Amino acid sequence: MKTLYAADIRDSQLVDGFFLVAAKHHGVTKNGIGYLTLKLLDRSGEIEARVWERAEDMGRGFDRNDFVRVRGQALLYQGKVQIRVQDVARVDASKVAPEDFLPKSAADPAAMLEELQVILRSIRNPHLLALVESCFADEELMNALRSAPGAKTIHHPYLSGLLEHTLSLLKLILRVVENYEGVDRDLLLVGGFLHDIGKVYEFSYDRAIDYTDEGQLLGHLVMEVEVVSKKIDAIADFPPELAMLVKHLLVSHHGAYEFGSPKLPQTLEAVILHSLDDLDGKIQAIKNLPEKEPGSKWTVFHRAYGRSFYRQKPAQDDGDA
Amino acid sequence: MKTLYAADIRDSQLVDGFFLVAAKHHGVTKNGIGYLTLKLLDRSGEIEARVWERAEDMGRGFDRNDFVRVRGQALLYQGKVQIRVQDVARVDASKVAPEDFLPKSAADPAAMLEELQVILRSIRNPHLLALVESCFADEELMNALRSAPGAKTIHHPYLSGLLEHTLSLLKLILRVVENYEGVDRDLLLVGGFLHDIGKVYEFSYDRAIDYTDEGQLLGHLVMEVEVVSKKIDAIADFPPELAMLVKHLLVSHHGAYEFGSPKLPQTLEAVILHSLDDLDGKIQAIKNLPEKEPGSKWTVFHRAYGRSFYRQKPAQDDGDA
Amino acid sequence: MKTLYAADIRDSQLVDGFFLVAAKHHGVTKNGIGYLTLKLLDRSGEIEARVWERAEDMGRGFDRNDFVRVRGQALLYQGKVQIRVQDVARVDASKVAPEDFLPKSAADPAAMLEELQVILRSIRNPHLLALVESCFADEELMNALRSAPGAKTIHHPYLSGLLEHTLSLLKLILRVVENYEGVDRDLLLVGGFLHDIGKVYEFSYDRAIDYTDEGQLLGHLVMEVEVVSKKIDAIADFPPELAMLVKHLLVSHHGAYEFGSPKLPQTLEAVILHSLDDLDGKIQAIKNLPEKEPGSKWTVFHRAYGRSFYRQKPAQDDGDA
Amino acid sequence: MKTLYAADIRDSQLVDGFFLVAAKHHGVTKNGIGYLTLKLLDRSGEIEARVWERAEDMGRGFDRNDFVRVRGQALLYQGKVQIRVQDVARVDASKVAPEDFLPKSAADPAAMLEELQVILRSIRNPHLLALVESCFADEELMNALRSAPGAKTIHHPYLSGLLEHTLSLLKLILRVVENYEGVDRDLLLVGGFLHDIGKVYEFSYDRAIDYTDEGQLLGHLVMEVEVVSKKIDAIADFPPELAMLVKHLLVSHHGAYEFGSPKLPQTLEAVILHSLDDLDGKIQAIKNLPEKEPGSKWTVFHRAYGRSFYRQKPAQDDGDA
Amino acid sequence: MKTLYAADIRDSQLVDGFFLVAAKHHGVTKNGIGYLTLKLLDRSGEIEARVWERAEDMGRGFDRNDFVRVRGQALLYQGKVQIRVQDVARVDASKVAPEDFLPKSAADPAAMLEELQVILRSIRNPHLLALVESCFADEELMNALRSAPGAKTIHHPYLSGLLEHTLSLLKLILRVVENYEGVDRDLLLVGGFLHDIGKVYEFSYDRAIDYTDEGQLLGHLVMEVEVVSKKIDAIADFPPELAMLVKHLLVSHHGAYEFGSPKLPQTLEAVILHSLDDLDGKIQAIKNLPEKEPGSKWTVFHRAYGRSFYRQKPAQDDGDA
Amino acid sequence: MKTLYAADIRDSQLVDGFFLVAAKHHGVTKNGIGYLTLKLLDRSGEIEARVWERAEDMGRGFDRNDFVRVRGQALLYQGKVQIRVQDVARVDASKVAPEDFLPKSAADPAAMLEELQVILRSIRNPHLLALVESCFADEELMNALRSAPGAKTIHHPYLSGLLEHTLSLLKLILRVVENYEGVDRDLLLVGGFLHDIGKVYEFSYDRAIDYTDEGQLLGHLVMEVEVVSKKIDAIADFPPELAMLVKHLLVSHHGAYEFGSPKLPQTLEAVILHSLDDLDGKIQAIKNLPEKEPGSKWTVFHRAYGRSFYRQKPAQDDGDA
């Protein structure tokens, strides 16, 4: 059980904890003495560490991407806390809980999954309901949905982020469809449920969130069409037009060619799905952006959105409200 | 009182009605006989008319943009209904109701305005409430809001279209803010109310919807900042930061430089306002698009959105639902 | 059997032949007499026709998109040949050969298909060979490939155009791979074979080449991934990495996001496939462009490529060379 | 009175001077001894400083953005001059002249302002002259114009840079209007005077040039329309069309949507103003660019313009010419 | 000598004049009688003409792009003046003055050329002066410069338009260089003189302004580098750096890749030349744009600039000022 | 003769070799002792070096861009090999072989040049053959072609890279023209030969590959048109149309305005040349990209192409295949 997190370590503190080795470099002082510089990671963030004694010996025992137990003392170096390591040793991956080393959603995955299922079971179209149930019955898919991240960096970049985003989007859809007549609520809910489901194959997240080769070469849009296409084929009498409309929601949900949608949204539901998906992602991303510097009303610069954001009150006050 | 509308005229029908002259051309047959070709307009659409007898005489009595009374008979020419005119004469603008000659919202302006006021009076922030009330107290502005169109062509291009869109957006905002914590509901409602208010100066719509010179040279974003800036100056103790945030909602609501926003949305509320404004406009525009040809599942091509839209059922069935 | 083609009809000629009705409009002369204006189509092009006598009667017997037998006489009107119709009557689609009414490749489909199979059977990788053979064994797919067009307008817009382009591309690939080491010839051939196979579902071409609803909403890239994915699943032990590489060729072959590829080419083979596919299409399109006016060295403007092309000798001389 | 500037400090020199603290970091040597790294700023540029003795003590007495008096000795470190600090202590902002700590125009603000007023008082249109005079009478505005910078980085990024650019532009306008008939000289002069006046609110420049919150969220275009709109309202009988034309010059002067103009220049004067404004800014920016390396004919890369510039003679020779 | 111009022909007028045949179409009436429709052109504009009698006979005697003498009578048809032709016959090109059939500059070419030479002979750099003189000595080039148009459509699209624009630009350069130190006046004048000189080969303008094949395939930028390169080679001791700077002005003067400059302006002079060239062209183009409709303050839409322009007074009043 | 290369130096190795000084910085330790940091370069890559003893003395003897002989010992510092210098002294450029200090093609220049000449002498068009021979007869040009690099970074960035690319392209052209009728093989070969010939003036490569001033200000497209234009002028009776077509191949071969082509490809041959040139460059660039990290299937990110590439097997295995 991990009890000490990188973000909590303070100047002068004694350190004894588990970390993921994100980088490992050998150095030599001017006097010819070897040392090690490490970057250690857990779900709270990163911390640098230096091994000055027996560096060569200890360095042989572990590598980048290994989990290690580190003992030493924290000190301030160039304004940042750093660990001066006395001892560092590899620990087996089976001895640690992966979720300790990756950020995760603040919400409970099981509760989110249940809420999602309740919403989707309100679908009245029998074909679409059958499609949804065939996904619920696919344990591997459901397990993956429980923990997959929403992204590598842009929005919901943490474990269960995909589920958190999907649920929030479904709830948003439920509200918005009440404002307009003539929108196919069931179709839109299915689109909301499946629009990012391919992300369970697009990302690997056992040690750090990264793209899989398939994710990089095919992308979640195409992969989820494959998955959904096979599920639909297995449902008797699924109307071809409805199948086409469901797949259209998937391939068009990025809303524009330059964001990787091979087709623009061409149904009312596809236009709405793209718009609400984009909005939900942006709201979460903006709320989670750290401020530029403590007390500032401005966040750090968000590269994908090309701007910083202004908040009426700095982020740390949010808790009080 | 106008009783006969262009869209209702059928082959062989006797015609006696009031129209706006949208175009007037003189022609000469091969035998040297002069005639007139007219384009006549009312809120239902356009119809062509020809004057074969006494064309010169009758042509002297009216001009483009005049209202006229037309008598004659309808016939089919190249697959379209056309009026063969026996008599055409100018009528004074005071004798006709302008709204008969421009399309208008299907909803009642008075009822919409009342609903809008009820929503906005739920604002709790006293400064923002004062701003809203100072707009309500501005009769000229309220009268203009009652009838102004939402656009020339893109979305809500009819009388009271601005009010219809504003109200729909406010109701959408009310629903969406319930899905997220930390969004300033009052600020967002004020943004929704004022984001297009400059359109009352951007368009002229006494005979046809068109841009005013000011609308073309300054645009509604800048004009509404001027209006709101002056109203805010007249309210005692309006907090400068709040004034800045309201104005930011206005200048950024088109969401991108290429759509004429001089600043990108840089607050959470500005991001949401742009997104919902865009979505509400698109939903209305798509729903109102005529189909490509009778019975087709595809609409005509929407130039601004660069595509046609597919509907599960062709548009004429909507009435049954 | 169709013997008379629109493009061959000359001034004053007596006409008796079969055509597809591409447009049908009713008109009324100034004297109140009804007539019909028709646009008639076959694979050689279009011709206009007018019915002046018994127009109402004859017009009842057929509609747009019907096949008709037309009798009458040709005359010149405003510099163009037109048919003055004496008689026009609907004929059943079963009585005509659809290929008479659509342009088709100058090459023989059967011969092309055989050449294509010979090339593809030279593949040595057993998994890829199995994939190719499973496509050959799919009669419906092969039949569709025999006649499908390559496009609606851009390049190879005629029956068997897809096959013609696919074969030409495969032959080009065979030559180009000899110039470079380290290119996976088998993979590239499979990519060349399958890169546009989804077009058999993207277009309808029973009467005129047009997009299907699926083609418009999903596109051939996505549809062919579905097809290929299912064929691969049915082959025992198909290596997952190889499957991924095949699909990557399909999803990236348009080469850029703005041309509807959700992923950029990210393997050497994907880069080559995109480049040669694009080149082969352009060469055919440029060679088939008509000149701007008879004798000109410039072709008409090609909208998709945004330019006219210059030829050393005008196109009609090509035959002599 | 500041006598020693960062750019003039040489290796081994004894240092005693006032600086602005641009950065302050705590460090710890391998032996556990704390030290301070400072970045010190004045209008001539930046210099790094290290406090090795009594670092903790001295560090408590000042913070980032404070003015300090620094005593010590210069030395070379990695090819750059650095200060080894013996003593550093905060001094009150009232004791220093802010302009010593920011770069400023080489020209005299008072002289420039007088020249600007002479030019503008040559305006013959009484309404425009009244507008200009009402600005001259606004002491706060004139004081701000005297010292405001022209930009944060792109061009004229120093105190009085706005005034320098405005004056240079007015003089350029005077010359250019002589080359063309039919240009409204008075309108163009007013546009030149006011086109950037909103920058006095867009930037803060008491310690370093930075965007204000208002500058970031509204921008100088919109802010100056507000200012000018209120001044015009206060002038009796200002013609509405003329007001519209003045404001159009302001909102369109960036010349393109992507540069933050909500409207394109749509009058002859607006086209000219944008062109000359852009040209004057570019000329100054290019002339002030440092060369890539001493003696090079190429300047450093200008990020906003996306290129380096070539000079016939390297920049340091300019003085001789 | 041409005395009657298309733009001056009024309803019912007897016509006898020379025109260029811009289009010639054969038609047949419903009664089987052949007629001709002609489009006739001269420098004042276009007029339509119909030949009803002996059409076949007369049509044999001339073709498109021939000069013809036309006799007949004007009448109004669909609101436009048209000529009903009694007689039309080809006249030899040697019998007409080409400049009667193309629009030309309002200024005198000889006077403009002299003024241009006076300006350029003020150059003090002996190498640049030699280059300028070698151009003056090239009679063919000077003759072409005397009459070449400035463009096909964008700006200065009339005979001697190139000279008019070049002279205006040189005068503008003379004024602007006075506003800035450190600008190489001589280099800039040479750039202004030669920047469009390749247009004498880019356009043909014996009957209508059109691109030559070379103009279309190489463009005036590249062609003028060839010309200037050869002239420079023939001047003894022309400094290579100076040659490079002159050519750089030519290749970069369109200012951006998308406007066909293979290099961006990378010297101060190149930046200024591009800016002033662009401005001078725009000013002339805007001033010459016709208004949208008589009396309107708005011009017609300018496709290349993507907008209409607003004028304080409609264009026809300009003469009075 | 250089025997020791930077890339081969290992930890602890004794060093004695010749290098190019790419950077030279003076530093001072906290104890006030001066030292030197050097960046040393040869064709295998870069290595860092430190001079701790007699740094000031030794530093006087050489400068950046000098060739030096370096003696010392290698050690590891922060994971990288570094040289601790005992002695460093300038050596005259005449004593070293420049090609030891720049990467070069793996193929033999003389053999490549011969193969290229054989291919080009197969041209049958006598005018084009004369053009090719006049280039072969230009010794300076041929010598430059023998060693010029293909680029600074994008593709073929090494000595003789231009020749390697040109030859590969010619061989590719020979294969591709066999696949299509109606392509002018001779014209295309000449285009392939000359399309980049201007690069011999665009780059300097005596010490490192860099742009010349002319290369930066004019570019190879324009420079090679100058060269070819003069060679053509010297050939009697070279047909003007053919000259135009050759030059068009040069100016359009980058294929798009944004890549610096002032004209788009507008002949069949120009379209093919651009496509194959682009493809050949990309294939070489992708094959030479190093992998992201040892053993990875992904290459490093290629900035110009905006992506990483996936390889079935990591690059180091290529040799075995």
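For clarity, chains are labelled A, B, C, D, E and F in written order, and residue numbers in each chain start from 1.
As a working rule, contacts are C-beta pairs under 8 Å (C-beta built on N, C-alpha and C of every residue); 3 or more make two chains touch, one makes a residue touch a chain.
Not measured: the values here are computed from a predicted model.
*Asks:* Under the document's definition of touching, what chains do chain A and chain F have as common neighbours?
*Replies:* Both-contact set = C, D.
*Asks:* Stepping chain to touching chain, what's the minimum from chain A to chain E?
*Replies:* Minimum step count, chain A to chain E: 2.
*Asks:* Quick one: point me to the chain whose Cα centre is farthest from that of chain D.
*Replies:* With centres defined by C-alpha atoms, farthest from chain D sits C.
*Asks:* Report back the single chain whose CA centre is most distant from the CA centre of chain A.
*Replies:* E
*Asks:* At the place where copies chain E and chain F touch, is the share of residue numbers found on both sides over half (same) or under half (different)?
*Replies:* Same-residue interface.
*Asks:* From the C-alpha centre of chain C to that of chain E, how far is it in Å?
*Replies:* 43
*Asks:* Mind pulling the chain D residues that touch 2 or more other chains?
*Replies:* 213, 216-217, 241, 245, 266-267, 310
*Asks:* Give every touching pair of chains, nothing left out.
*Replies:* A-B, A-C, A-D, A-F, B-C, B-D, B-E, C-E, C-F, D-E, D-F, E-F
*Asks:* Can you list the chain D residues touching chain F in their complex?
*Replies:* Per the stated touch rule, the residues are 52, 75-79, 297-298, 310.
*Asks:* Note which residues of chain E are touching chain C in the complex, please.
*Replies:* Where chain E meets chain C, its residues are 25-28, 30, 32, 34, 37, 213, 216-217.
*Asks:* Looking at the complex, which residues from chain D come into contact with chain E?
*Replies:* Touch residues, chain D against chain E: 168, 171-172, 175-176, 178-180, 182-184, 241, 245, 264, 266-268, 271-272, 275-276, 278-279, 282-283, 286-287, 306-312, 318, 321.
*Asks:* Within the complex, which stretch of chain D touches chain B?
*Replies:* For chain D paired with chain B, touching residues are 213-214, 216-219, 221-222, 225-226, 229-230, 233, 241, 244-245, 247-248, 251-252, 257-263, 266-267.
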